Amino acid sequence: MALLEVSKLEAFYGQTQVLRGLDFSLEEGGITAILGANGAGKTTTLRALCGMVRTRGEVSFSGARISSGATESIVRHGIAHVPEGRGTFVRLTTEENLRLGAYTRKDPQAVGEDLERVFQYFPRLKERRHQQAGTLSGGEQQMLAVGRALMMRPRLMLLDEPSFGLAPNLTEELFDILGAINKERRVSMLVVEQNASLALAIADHAYLLETGRIVISGTAKEIEQDETVRKAYLGY
Amino acid sequence: MDAQLGAKVREIAALASGAKLSRLQWIGIAVAIAVGLIVPLLVSDYRTFQFTLVLVYAMAVLGLNILTGFNGQFSLGHSAFFAIGAYTAAIMMDHWEIAYYWTLPAAGVVCLIAGFLFGLPALRLEGLYLALATFALSIATPPLLKYDHLSEWTGGVQGVVITKPDAPFGLQISQDNWLYYFTFVVLLVLYFCAWNLLRGRTGRALKAIRDNPIAAQAMGINTALYKSLTFGVSALYTGVAGALGAIAIQFVAPDSFTFFLSVAILVGMVIGGIGSIPGSIFGGIVIVFVPNVAEQISKAAPWAVYGTLLILCMYFMPLGIWGFIRMGYARLTRRRKAD
Amino acid sequence: MMLNRRNFAVSAAAMAIALAYGPAGAAGKYDPGASDTEIKIGNTNPYSGPASAYGTIGKAIAAYWKMVNDNGGINGRKINFISLDDSYSPPKTVEQTRKLVEQERVLLDFQPLGTPTNTAIHKYMNAKKVPQLFVATGAGKWGQPKKYPWTMGWQPAYPGEAKIYASYLLNNKPDAKVAILYQNDDYGKDYLNGFIAGLGAKAKTMIVAKESYETSDPTVDPQVIKLKASGADVFFNITTPKFAAQAIRKVYDLGWQPLHFLNNVSTSVGGVLKPAGLEKSVGLITTAYLKEATDPQWANDADMKAWNAWMDKYLPGGDKSSSFNVYGYAVSATMHEVLKRAGDNLTRANIMKQAASLKGLKVPLLLPGITVDTSPTDFYPIECARLAKFDGHKWQLVGDVLCPKK
Amino acid sequence: MEFFLQQLFSGLAFGGVYACMALAVVMIYQATDHLNFAQGEMAMFSTYIAYTLISHGVPYWWTFLLAMAISFVGGVMIERIIVRPVEGTSVLNEVIVFIGLLTIFNSLAGWIWEYTIKPFPSPFPKDPLFGNTFVGTHDLGVIGVTLVVLFGVFLFFRYTPIGLAMRAAAQDPASARLVGIRVGWMLALGWGLAAAIGAVAGILVAPIVFLEPNMMGSILLYGFAGALLGGITNPAGAVFGGFAVGVLETLIGAYVSFIGSELKLTVALVLIIAVLVFRPSGLFGRVVVKRV
């Protein structure tokens, strides 16, 4: 059975319908990429999974029905969302931001260990652990967001444009770390990316979204070979 | 970020085209003016006097609305400008025996300057800090009016008593009716000016500043000047209202211009409808009549009723009375179209 | 509201008799607000806002008229007492007073409360020729029969009271150094100016310090410290109850022991001295014209017994230690007498005429020796008072009745 | 010198009161990102509840704790029942609801307990410590209790997960939800805590200014000023700000003769605003660098 099962998912902003019935699933331990142009509904898909927009349809996570729940209840199932714009708590320190990631956990000792592990992944954050998070650079805030998500010990991470605003070398580093996390800790990931080649490089499955519908789906390899995808999104 | 900025610019540009009035709006305005003209003929002098106060407070609410609704700044200090206007009128009439109608432009100019000067330092303050600064202004007003060295002009703690004007040209109408019509005309003129100002270039600039100060600056709008000027114009409206209020009440005293007046104007604005010119009339009605309704419901604890009414208003009309009316109208027309 | 059936029966009977024999025959002369069966009386009071403490007076007055009505009214007419809330805001007072006069069409405006509020309607009431009677303020400006024939005060005017203290000082302590604390409004200034006038030429040398406060101040402690530092040995305390209590306590806590005059506004034992601390209030001197309800010396006083019974019946749960309730009762009793004397001639002019011809009227709850006196040229009903000294339990009356020099 | 010390201590004593109120203000700001104009009246109402408990013979410190507990529950309920429907509509709508709450509490207190001033007991000895004439024991007590409460608040926000969650929820509700924080309850909790601290402030203030429905009016205003002066995001700064406002106001009144008592408040406020113009986040507020 798949970890995440989505059927007929629709989402609305006010009166405007953005998602028009998505059906997809995600295997435990896998990385799935969602590709698409601006406004195709990629970010909305992630937000819909977390109950941050008005939705219709079914979403079940590891067998439990999570659609129609409140955001804070949904994430307590073990879904960590790294949102667009990173969602940094700018007035809190780096460490406080990270600790908030573990807010729902009841094992303080393990939380301490996890904090150290995040600092191992992102040594820059350790240097700045007592600094106000608002003063971090864009790249550092992106790391902070990923680190905060890890602190939850999630079973599924939803990553919204992790490469946004990062210098190419930083992006590569980040994706290496994401790949490592996926392998070491068996964390499943759903990645939304503009940079399709980057996403397809670490994903094993991918979906292409156009105006709120899935138009192409398959393994990352298949998608990479697809004519339209190559022309429109990979640029060769 | 770029996308957002672009959207903002487009939105600002779109505002320019939507500035014409529809036929329905013309009819609405005509009806409102007709009602305004007929009212004093139908009711007693006392009611006319009350409606004069409604117009006066509507003017003050409009003043605050220009600041808050169109510029995103909010003020707890408008009682100060109301007081400056009122005292300007009272001192001119009492000390120099100048005719009442000359006091309005004078009050307006004095308040424009006062508001502009206050607006300059206020520029650097935002949100809560601006609230504190304006609040300080309204707290400081009564003691300043009582200040010994000014008491030759202000009458100190005693205040100034002034005389209500008679109708000119031998018109056979009561003082109250005359003052009502006078206020009504002033209000119409000020409404027209506000509408003209806000739909034109200036209005677009103001809205741009409110919605996205950075983008506005990028478009070459002198944010600082506009913001201070808005403060001045807002004070001007409130000051003229203060002058008319003083003439209607025939008395100015420090106790008339406490912090609670500022609160009343703010309440009137929010319940009337933020950022809406017609809404301010409802604001005036709220300021004058809601306390009376509260008192009628309970003499033991009128404020408890008043507070409850305020909260209920916010529950059922979060966009204010004018927003409520517009939404009701929109729903009605939509239903009609569906049929 | 429990209705006592027997009382109801009695008053119903009284009403029937009154209707049968009362105004009939002598067909009354009436102005708006009066009729064979009813007299409409208007009033404004702060029932909301920061001055609502005074609203107690309005409630007491309403309770008084209820009692009058239960006992058959005045000359067979019921009193219809309409009291409106003005929040102590002059513009609202104007609006509400116009409502009373023009819409409710009351015969007269009784006890509107506050100096700025009454100032706002002063001109209007006189232009409309509607009595503005026994206003609830002690400012000096309410007794000008020539200029304002329709306005009259009631309680001793503030300047007059201040003059009593001044002459006491001139007689007993001519070398005094006086420090003054006053509220920065016309109430405070009236006292201050009356006091300066009372001291006359010596005011300049005798007054060594004066400090004011605003009602929005949370405390007057800093002012008291400053006054003490002036080296004064007399302290004239012109403050409203809350600030009076603060000042009394601070004076004591600072170890300052001046001759301490406390204005009559704040002499309530229950409402001021007890909160300040009775032991800290020993030695205070004030003027009094009303009996203090908590004072044991009046325990068997007939008026006080009647007042207690009235409180129990008409203001159950009301604060018996509040001097406002005594005040409201006494001033209403004065109005009661005026209306009684007006008989069936209930015109506004006759009401003013009756109000301006009270001679040696003994109103319930006034101190022995204090009477209400008016004439067409004297619109100050109560002018005299007695000095009283606080002994730690009650106000001890000292000496004779004193009247300010004119 | 004696005069100066007396003025200084008088300023400090009232500063303590303002500081306590400022702390409650910061508390609710930390938890809800808003200033609550009804805070003072809520504190006043709590104090009346304490007054009622004491007059029914409940011992002082039990009353203190009970009043805090009742206020906490009351604060939570007010947020859940009254404020919640307007949350997220607009700041001004919430302000109007706060003003509504203010008038309701003020009026209800006057209606239930009347407007006459009432003495409120102090738990501290009546006589000044060591027979000094500078400062009353209660005043010292106020300063002490304020500092204790400040310390408690500091520990709570800094070291407990729930304190951290409250700050997060106030700053960025959407992100807070994403880490599983129940934002609605954090707001309610903030209201409850602020009400409880307000109760402390009221109980401490009442013996000084006397208990009456309007007692907190001006104190809340000074509390706001203090909180903003010190930095609305910083509890310790707010406490400092409260003390500063008290001392500043007193000393200006005492030493600048042409200002005197008449305009001291005005001048104090102008000074505060001047400070804010140059330090817009308050003396000790953290400057937030926003990267776009």
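Letters are used for the chains, namely A, B, C and D, taken in the order the chains are written, and counting of residues starts over at 1 for each.
Basically, a residue touches a chain if its C-beta (ideal position, glycine included) is under 8 Å from a C-beta of that chain, and two chains touch if they have at least 3 such contacts.
If you're wondering where the values come from, they're calculated on a predicted model, not measured in any experiment.
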Shared interface partners, meaning chains that touch subunit A and subunit D: none
Chain whose Cα mean lies nearest the overall Cα mean: D
Chain whose Cα centroid lies at the greatest distance from that of subunit C: A
Euclidean distance of C-alpha centroids - subunit B vs subunit C, Å: 39
Euclidean distance of C-alpha centroids - subunit C vs subunit D, Å: 37
Subunit A-subunit C separation of Cα centroids, rounded to whole Å: 75
Centre distance in Å when subunit A and subunit B are each reduced to the mean of their C-alpha atoms: 49
For subunit B, residues that touch 2 or more chains besides their own: 139, 143, 146, 300, 302-303, 306
Subunit D residues counted as touching two or more neighbouring chains: 103, 107, 110, 262, 265
Set of subunit C residues in contact with two or more other chains: 48, 50, 52, 184, 214, 216
Chain-chain contacts as defined at top: A-D, B-C, B-D, C-D
Parts of subunit C lying in touch with subunit B, wherever the complex brings them together: 47-50, 52, 83-85, 87-92, 94-95, 98-99, 101-103, 116-117, 119-120, 122-124, 184-186, 188-189, 214, 216
Parts of subunit C lying in touch with subunit D, wherever the complex brings them together: 48, 50, 52-53, 55-56, 184, 211-214, 216-219, 221-223, 225-226, 229, 241-242, 245-246, 253-255, 268, 270-272, 274-275, 277, 318-319, 321-322, 324
Contact footprint of subunit C on subunit B as seen in their complex: 44-47, 49-50, 53, 139, 142-143, 146, 156-159, 161, 163, 245, 249-251, 253-256, 258, 260-261, 288, 291, 294-295, 299-300, 302-303, 306
Interfacial residue positions of subunit D with respect to subunit C in the complex: 3, 6-7, 10-11, 13-14, 17, 103, 107, 110, 114-119, 128, 133, 136, 208-210, 212-215, 217-219, 222, 249-250, 253-254, 260-262, 265
Footprint of subunit D on subunit A - complex, ascending: 50, 52, 70-72, 75-76, 80-81, 83, 87-92, 96, 99-101, 103-104, 132, 134-135, 137-138, 141, 148, 152
